[in-house]
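The same chain A turns up in both complexes below, where it pairs with chain B and then with chain C.
Right after this comes the complex of A and B.
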């Protein structure tokens, strides 16, 4: 196969961080190439230089014999490079058609006048051709949900038939159906002799849908392997640089759950989200919540933390204290890490220190006054305990990778000494090394008598870490399973669908 | 009701129509003889369309997350320049003076905003103070009066024709040029808009220029309606900013239904009904500020309020 994209000595620094360090990769025509690595390994930065989101720090991209050094995505599109990003990539206030053709209005312009009808007609034709008939090109994008908007983004990124399509951790935002549509599009790009660069933390997905896999570690190129010649353990080894073995999940079975109830949820309903939910959380227990993404499990976490609107029913601690709002939850030692980490769990434009000390300021104050030295010491202690990869505690959280942001969230609650932790999708978008660290921490905490509610969309995680699993369907609890070696994914799925 | 109906232009229009009927009915009930005759309604409408024109202009920058405190000052200055030029060049001088001065100020504000890289609110407060003083110099400390033979735009049909030409222009720009799309895109996410190749600075400059072109039209209508214009200093032009802005709030709140212009026009008409309704009830003139403030809060609360639990800054 001929080389379509040649990346030679690509380099990028952000301050003292060497994000991409002299990376050289060839991508062949008609290939789906996975790019994997831990959080902060440089894979997204590498791709974002190719498509103009970041300027190239050093080195050269050559696409089909032409040097690519673009200033923005539109220039990249014109040279045949498109990207689908992990987070929301469409713009509010515009129609679906305006989003699809944003920056590419030229075919619809005549003497500065836009042929809006033709744009909508063409947009609808594209949506229909992709099978997304339910989306109307003339409608405002705001009237569609996150997944539909992601589908619009897929159309936007691929309708021009790019030579290289970059899919950057997109699948976590899609349901199973959406994923299948994306895989089909990737296959058709490959069949046309064009190429896909696919970034994901889901190694099974990578092994199933990619031809070759390039591994980056700490910004450096490690190796490129054929998907058919390696397994998940081999990939983990290459990503992390050491064996990630059997200690990945818990290995203990048959541990008795303490009879002591620390939190009791009775008949909790949040209109339109969850209905009549009741369960007890025991001391030292990891209680897993699973289900399809819209089953209501994420709302359970919010309801326990007092963050739900219009909640009815009761959430009480063992001493009878009612938890009805967030301040009382925090005061009574309940912690919550949201699935939407960037918007609901951390303050992006604040330092690591300020994020960690936030709920503990009352405890750290002396005569209502805060001392910088004490705050620094506190933040340093817990950031180090979580092995946060950082330049220092005064670094902005926005500079950190997803995994390290999650470590900051956990460091915060660890510092607060919370006894009950509600962790919603604790390892979402996180690489295997950090995952392993988080799982180890969860076990350490439960050994200390702390209790955890773990909400997860990953069935292996539920099976591997929970003492007890509650499966939700349509806002209700639809099944309960105790930890067991014989419990299988099929058992859980049967209660989810 | 289906989701698509609730997002339709018709549904948005229906909400506005219900608001018009509601306020009309309330004041007609309270003051049946002084309020709401067809002639009265036409009069309210004529005064409201002047603000609607300014509201249309403000939409271009408010939707990008910007703000402009110099609108009132530019109305005064452009009116004075237009009247002065009309004395030599008749209608041509009047129209070109108002539009030219208005647009030029918009371009200057846009360039300064881009160059200084400070918030639009600060830039426009500074410009407002300068414009007020320039207007005093231009007027020579004398009240400027539009000649009686140049008052075609003082009442129907001249004022309505001009205002509707302005609305048509806004509709055309929003629907048939890149400007409307790009202004919305910049307001939605400036970083992404930049990545889409949009020259953000250029479109912010265009936004300010368009706003003040519409302010120029508003100046024509304002000085024609009142026939005189007096230059004042001490931030006294500030109050002229808010009435057009309320129409813009209507436009922004109802843009999800697909047509902000009708929302701006009907929104200003609703405010005119409320204001004149209080006047008909015999409320003192000073009630205007109370009504304006209360109407602003009520409108924004009813139309643009975030959902429960949403973050409002």
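Right after this comes the complex of A and C.
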């Protein structure tokens, strides 16, 4: 096969961090190449240099014999490079069609005036061709949910038939259906003799859908392997540089669930989100919640934490305390780690210290007085307990990687000593090493008699960690499963769709 | 979508430099004024005059400091000062303590109105306070158009530097203590840094916001007392433009418009001093008021550009 993209000695530094260190990779025409590595291994930075989001620090990209050194994404698109990003890549306040043709409006312009109708017509044609008929090209992008917007982004990135399509951790934002659509498109790109660079943390997905896999570690190129010749454990080994122990998920089965109920949810309804949800949480139990991303399971976490608007029904602790707002939830030992980590779980523009101490301030105050020494000590203790990689507790949280941010979130609730932990997508966007640490922590906590509600979009995680799994569909509980070796992904999926 | 490229920390962007900038600015402005006025600005007589202009803005700035730490803004200080001064003047004929309490309560009530609309109806603070600014400026004008409102001789007799210094110091100390060593100060800062995340950490953010506006109002009410002692009678221009003066002072003092974690208590003191020195210097140099405004505007712009935290930049809440 001919080489389509040649990356030679690509390099990038951010201040003292050497994000990409002399990486050379060849991508052949007609292949789907996965790029994997832990958080901070440089895979996103590498791709973002290729498509002009960052400037190239050193080295050259050669695409189809032409050197690619672009200043922005529009220029990259013109050379045949496009990217679908991890975060929200659409602009609110614009229509779907305006988003699709952003930066490529010329065909619809005459004498400086935009022909809106023609643009919408073309946009709709594209959407229909992709099979996304339910999305209307003339509607505002804001009227669609995160997943539909991702679909729009997929159209935007691929309609002009790029030579190289970069898919940067997009699948975490997509439901099973959306993922299937994306895989289809990737396959068609490949069939055309063009190439895909695919970034994901989901190794299973990578092994199924990619041809070759390049591994980066700490900004350095490690190896490229064929997907057919390696398994998940082999990949993990290459990513981490050492053997990942077998204790990834739980290995025990048949543990009896304590009859002691610590939290009781009765007839909880949040209009438009969840309907008449009732369940009990037992002492020392990991209760998994699964379902499609819009099934309402994320709202259940908020409802338990007293964070839902317009909630009806009751959430009560074993001693009869009603939980109706966040302060009383925190006070009565409920912790919550949100799926939307950057907005709801941590204050980005604050230091690690201030994030860790915030829920515990009342406990740390001595006759209403807060002393810096005591707060520092407390933050240091729990940041270290979570093995947070940091320069110090006064570093801003916004500087940390996703995995380390999550460690800060867990550190604060460990410090608070909460007995009931609501963890929404606890390992979302987090690399294997930190994932392993979080799973180990969950087991340690339940062994101490603490209870965990784990809401997850990852089915293997649900199967691997939960004592009991509740599957939700359309805002209601649609099935209950007990932990068992014989329980399969298909059993859960059957109740989700 | 393009991200901030090349995060090479330039000296101008480093936090240490930004933290020091207000102090450097104060020294520079003092130096320039000393030089331009041939040292006259440092004469004891001048310094006393300068100090007498610091008290009440500093008290007001302390209250507004809490609002701005939230990343919000309050435009009502001027009109609050006017209305509270009228209440104090009237009550001063009955009893001085009553007048003080009346002034503080008037200010607190106006702050409560601001806080209520801001919190309950989720209106942006600058919209709310611009509306209430006009409202209370109107109230103030209503009572003062015919004649100025006089205060009692008893309250004017209190005019002494010691009392004013005492009140100002007391306010600063109590506020510093609240800000630095109590839950409320921490909550205000956390809410300013990230409201949603603070709420999800158990901070009662609505209560915190309401508190900040009430505190700003109450302290402006107290400042009105200091003002009445000094001026003795209230005209329709009482407190005119005070809100912009305070805003400029705090920003000169290094307070980021976005509020949050980079706020320092020293912003209040340094900023108010800087503004007063600048103001006095310009008066001494004999510039007419139009030129004074122009110069102040330029200095203000330069400072905002240097101190603002671009990473945290959002609209004012």
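Before moving on, here are some points about what is shown:
By our rule, the second predicted complex is superposed on the first by the 488 of 497 C-alpha atoms of A that agree within 3 Å, B and C clash if a C-alpha of one lies under 4 Å from a C-alpha of the other, contacts with A are read in each partner's own complex, and residues count from 1 in each chain.
The rule is short, and it goes like this: a contact is a pair of C-beta atoms (placed from the backbone, for glycine too) under 8 Å apart; a residue touches a chain by one contact, two chains touch by 3 or more.
Treat the numbers as computed from the prediction; the structure is a model and nothing was measured.
Among chain B and chain C, the chain that touches a larger number of residues in chain A is C. Looking at the shared chain after the overlay, A:72 reaches both chain B and chain C. Legend: residue contacts after superposition of the two complexes on their common chain; A:112 is shown touching chain B, with no touch to chain C.
By the touch criterion defined above, A:89 reaches both chain B and chain C. Contact with chain C, but none with chain B, is seen for A:361 once the two complexes are overlaid on the shared chain.
Look at A:257: by the touch rule set out above, it reaches neither chain B nor chain C. In the superposition on chain A, contact is made by A:370 with chain C only, not with chain B. Of the two partner chains, chain B and chain C are each touched by A:53.
In the superposed pair of complexes, A:142 makes contact with chain B only, with no contact to chain C. Counting contacts by the rule stated earlier, residues 52-53, 72-73, 89 of chain A appear in both its interface with chain B and its interface with chain C. Residues 14-15, 48, 52-55, 72-73, 85, 89, 305, 307, 326-327, 329-331, 336, 338, 343-351, 354, 358-359, 361-362, 365, 368-371, 396, 398, 412 of chain A are the ones touching chain C in the complex.
Contacts from chain A toward chain B in the complex involve residues 52-53, 71-75, 89, 91-94, 98, 102-103, 105, 109, 112-116, 139-140, 142-143, 309-310. On the chain B side of its complex with chain A, the touching residues are 3-4, 7, 63, 175-178, 181, 184-185, 187-189, 192-198, 255-256, 258, 308-309. The residues of chain C lying in touch with chain A in their complex are 1-3, 5-9, 181-183, 186-187, 189-190, 193-194, 196-204, 260-262, 309, 311-312.
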